[in-house]
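By written order: A, B, C, D, E and F. Residues from 1 in each chain.
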Amino acid sequence: MGMNQFLQSLSDLETINRAPGYFKFEQHSVAAHSFKVAEVAQFLGDVEEQAGHTVNWRSLYEKALNHDYTERFIGDIKTPVKYATPELRKMLADVEESLTANFIHNEIPEQFQAAYARRLGEGKDDTLEGQILSVADKVDLLYESFGEIQKGNPEPVYTDIYRESLATILKFKQMACVQYFLRDVLPELLSADFSDRQKLEALTNTLLDQAED
Amino acid sequence: MGMNQFLQSLSDLETINRAPGYFKFEQHSVAAHSFKVAEVAQFLGDVEEQAGHTVNWRSLYEKALNHDYTERFIGDIKTPVKYATPELRKMLADVEESLTANFIHNEIPEQFQAAYARRLGEGKDDTLEGQILSVADKVDLLYESFGEIQKGNPEPVYTDIYRESLATILKFKQMACVQYFLRDVLPELLSADFSDRQKLEALTNTLLDQAED
Amino acid sequence: MGMNQFLQSLSDLETINRAPGYFKFEQHSVAAHSFKVAEVAQFLGDVEEQAGHTVNWRSLYEKALNHDYTERFIGDIKTPVKYATPELRKMLADVEESLTANFIHNEIPEQFQAAYARRLGEGKDDTLEGQILSVADKVDLLYESFGEIQKGNPEPVYTDIYRESLATILKFKQMACVQYFLRDVLPELLSADFSDRQKLEALTNTLLDQAED
Amino acid sequence: MGMNQFLQSLSDLETINRAPGYFKFEQHSVAAHSFKVAEVAQFLGDVEEQAGHTVNWRSLYEKALNHDYTERFIGDIKTPVKYATPELRKMLADVEESLTANFIHNEIPEQFQAAYARRLGEGKDDTLEGQILSVADKVDLLYESFGEIQKGNPEPVYTDIYRESLATILKFKQMACVQYFLRDVLPELLSADFSDRQKLEALTNTLLDQAED
Amino acid sequence: MGMNQFLQSLSDLETINRAPGYFKFEQHSVAAHSFKVAEVAQFLGDVEEQAGHTVNWRSLYEKALNHDYTERFIGDIKTPVKYATPELRKMLADVEESLTANFIHNEIPEQFQAAYARRLGEGKDDTLEGQILSVADKVDLLYESFGEIQKGNPEPVYTDIYRESLATILKFKQMACVQYFLRDVLPELLSADFSDRQKLEALTNTLLDQAED
Amino acid sequence: MGMNQFLQSLSDLETINRAPGYFKFEQHSVAAHSFKVAEVAQFLGDVEEQAGHTVNWRSLYEKALNHDYTERFIGDIKTPVKYATPELRKMLADVEESLTANFIHNEIPEQFQAAYARRLGEGKDDTLEGQILSVADKVDLLYESFGEIQKGNPEPVYTDIYRESLATILKFKQMACVQYFLRDVLPELLSADFSDRQKLEALTNTLLDQAED
């Protein structure tokens, strides 16, 4: 048993698609999503730092890069399951945690177990870095849903995902990086020319207004 | 709310891959797998009928066709999760059952709810048809793993899947259809020319011998 | 020679695409289409049964599941060939029939030949089950063309396919299941939000009006 | 009606796969195959010219480039249909010819109809260029089958295709380009390192010996 | 060393996509593009010939078929690099030329080296055939960009590509084939029903008007 | 101009394949490769840290995550171009550098330009983190080539890539992380069961022996 097992498993994440059955125009693998979230988190970290906050960059990169590795075990089932109750989501999280613990115990050499317990655990905690991860994860999901809407896919599930992503981002509206995103990035995204632009702008404004209150 | 929701969802099953991260040479969608299992069950039903047993064909087709629809909710996570304990598997089954109940209640018109509760419930019961489904599901999985082994994919996970499929089939070795499969179908499959043939024949014979005792 | 040949061939149907060169956004394999048609037929059968008609379920599932297996031999060339005359279509049907007879004679063990001659023969006969198959096959094609139109694909071929599917369904407008489909399913489908909605509703209403007469 | 229809249809040939259900490791579109056959024919033409024969290059390129356009109508069903009799193949060829004639009449402006009747007609005639096309078509098919065999795909269908391709090439063994191919190209192909090399060399030698007689 | 290396390399062109990262709805391989450009050039040559000009058909086919083979070495990086200056483009062209010379020296048998130096060199010279190639290459690119625009992809890069393609075609507006294309083909293309039709017609008319002057 | 442009461009890296035309069994996008290299670098950093060296984690993650972003401009042409001379490689590097500078100037807001000049510049410098990146990049390439060899792809290019990757890794053999990789990871990889195992072990041992001297 050694790290070869773990290194080879990275390639599996290239073949696991996010939200299988949902995205129609562009598939996103868990590996590619992890890359994008780390890139987004890096940018959000820049903003926080320029706003005078101290960023623990090691923690930020580590959280972003590893936050979805455990989808190898249980798949990407959490986001779009609209029939799940909070209790069911809690049960699924417990299952995932147990599978991860079993994996670390069986496949990771002892000298690295503590590091991977931290890396494969829940990264979205109350630290600045955990909050940036929460935002970055939803920024990428917002871009993914936008990619479908912009290309003319009218299935309402993408508007649902866009709304839910933005709503979650807005929960962190006191953060400098969220304010920058809302002021300097999102308007640029929405200024592109696509058929559902007006509807999406209206939805965005509604959410922003609600968040004001 | 009506059956349009259900009919449109069938197309999602075309884009959900079985065992994501595992199959490398040939991807199998849940829709295609369901088709193949129904075809295999139909053939196994022929054998049972010719052996003098009464087959409830409606039940057999219904079970085979619908047995994996619920993977829409929770994904195809049960087969290859080697880090799962029996308790975790039980928890996952409970989650799946609850999601299914929520789906039927929310999306299926009342006049069809009883039919879909039956169709989307556990089909692998103790009836002849339930047992044929158990065998047919594993026959297709055995063919899927064989497709990778035959094409020269040496990753041990396919041999594991082949072994586990055959072992499950052998639990039903008293059935006429399993005896036909072991005597007239499996040897033909293994007589093909491929590099790991000897190893697979040896593994097969070991399992068959153990099942004799 | 035995059933192994047939069972292995099922996997070929996973890699044969329907209407190659036509669908641009979503490819549909023959295997997945067969699954969907069987699911649609099952639902239409429910409606017929609730309307008081006796459904031979074995025959219905058998017809639906196997109706396109012979595309292995001659490909999916019949639907979109707009340059074909009736004579050419007849010739193609004859070729297909002969290829199927040769296949059954060469590849299916004698004890199953009668069953597969029935299964791989023309299923769209005048029985209730044959008529349900005719409708179910077009319902899935209608959904497939809708999937392209809804996603913004403006190539007129999809409107042609939608029109032709609906026109064929309307030939069976005296059936309870068609009446249910027209009254409770189709309006829900068309109520979705997509850019060509008005045009498709107008086309649908024109066809429905013509069928009234 | 004008040439726009024809020019847009070229893109359809990018999405029609050759021998659907057969190739497992590498899919080949009709467009890509047409490109490769034209490249092979160009090389074979070089050899013929260097051997002192006069090549009608316009005819050679025209034949090679256009020889499979009509697969748009009837699909790629001729090569691997092992259940077809000569009569059935003849019937299929007749159907294809009629569909092509209908297409030219309906879609090609009158001033170009003669050119496209020639281009979309049977190119494999008794001229030097027609013979080079016959060889080039099979050289590409031989490479396509080799691509599967070399990568370890043991399904016997590829050996069948390799054998049939080489046997057809050998029917033209009196041609300078075939002699060059057999002496200077094929041995280099077979000298590559792959697991079934010995078997393929033996098969090749057997066919070459038979052709000697 | 012999032609086997070259013939096997043709298959690589099936897996190299044009403008990677740009096309979202339809991927185009270099092999398929080469086929389409040769087909377009063939049609444009027809028009030139009917207009009384002498076409060197061998040269035309040869130029069109081989014009992008060298993308094997350097990839398809020239078209969409909007950050490139003329100096950088010149440097890239020099690199490509050197790689091609090295390839011909190392992989092509001496007796064919002159032919391939001509075929893999720059085809877009001042001859009639070189000019037809310049037009044909852009006609296919225009169709490729139209394929995205028509399907509702609003990313401005496709309008940019459409504009740049048409602008290049218009540089050859004195040619009979360009006049035919502008008068009889392009209006038919734009008359199709798609959401951005008005915008694309306006853009087209602006470019045509500018070219008048 | 703002960061939206950059964030949207991340999705392009999901559709740019590495070494187009080379990998046959598994395609690797630039996005997925960047994720994997960052994961490998993280693990190699663990080893260095446990060996008592100070790792600048921010720099290590930053280098690994961003090291191939510039492939957006010039494609992945450096690794496999066997016809390139050192001068050509130098010219290509200069082109890439200029394109990157143009991109940063045109697309990145001024307040972030310094950060992205550092991130998109050459990361493989003489620092510990630069050296870890050099190793991690080749470890992932070694795994990618192994993925093809293990699955039975006999094309010599993969052995070439494996050899070149290992040879580069061995240039850093004095590093603790390389020693761990050679002693505890590589043997585990090679102990898997695949047909070319002996050849690959021999090649590996030859390279290791040469590195000893």
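Definition applied: contacts are C-beta pairs under 8 Å (C-beta built on N, C-alpha and C of every residue); 3 or more make two chains touch, one makes a residue touch a chain.
For clarity, every value in this text was computed on a predicted model and none was experimentally measured.
Q: Spelling it out: a chain qualifies if it touches subunit A and also touches subunit D; which chains qualify?
A: Where subunit A and subunit D share a partner, that partner set is B, C, E, F.
Q: Just to be sure I understand the contacts, which chains border both subunit E and subunit A?
A: C, F
Q: Where centres are the averaged C-alpha coordinates, which chain has the largest centre distance to subunit C?
A: Centre of mass proxy via C-alpha means gives F as farthest from subunit C.
Q: Starting from the Cα centroid of subunit B, hunt down the chain whose centroid lies farthest away.
A: Result for max centroid distance from subunit B is chain E.
Q: How many angstrom between the C-alpha centroids of subunit F and subunit E?
A: Taking the mean C-alpha position of each chain, the two centres sit 33 Å apart.
Q: Counting only Cα atoms for the centres, state how far subunit B is from subunit F in Å.
A: So the centre of subunit B lies 40 Å away from the centre of subunit F.
Q: Hey, what residues on subunit F touch two or more of the other chains?
A: Residue numbers touching two or more other chains: 13, 15, 24-26, 151-152, 195.
Q: If you go through all the chains, which pairs of them touch?
A: All touching pairs, sorted by chain label, are A-B, A-C, A-E, A-F, B-C, B-D, B-F, C-D, C-E, D-E, D-F, E-F.
Q: Please give the residue numbers of subunit E that touch subunit C in the complex, ascending.
A: Residue positions touching the partner: 25-26, 150-152, 192-195.
Q: Per the contact definition, I'd like the list of subunit F residues that touch subunit A in the complex.
A: For subunit F paired with subunit A, touching residues are 2-8, 10-11, 13-15, 26, 28-29, 31-32, 34-36, 38-40, 42-43, 46, 50, 57-58, 61-62, 65-66, 109, 111-112, 115, 119, 139, 143-144, 147, 184-186, 188-189.
Q: Give the list of subunit F residues in touch with subunit E in this complex.
A: Spelled out, the residues of subunit F in touch with subunit E are 12-13, 15-17, 20-22, 24, 72-77, 81, 83-85, 88, 91-92, 94-95, 98-99, 102-103, 106.
Q: Spell out the residues on subunit F that touch subunit D in their complex, using ranges where they run on.
A: Touching subunit D: residues 24-25, 151-156, 195 of subunit F.
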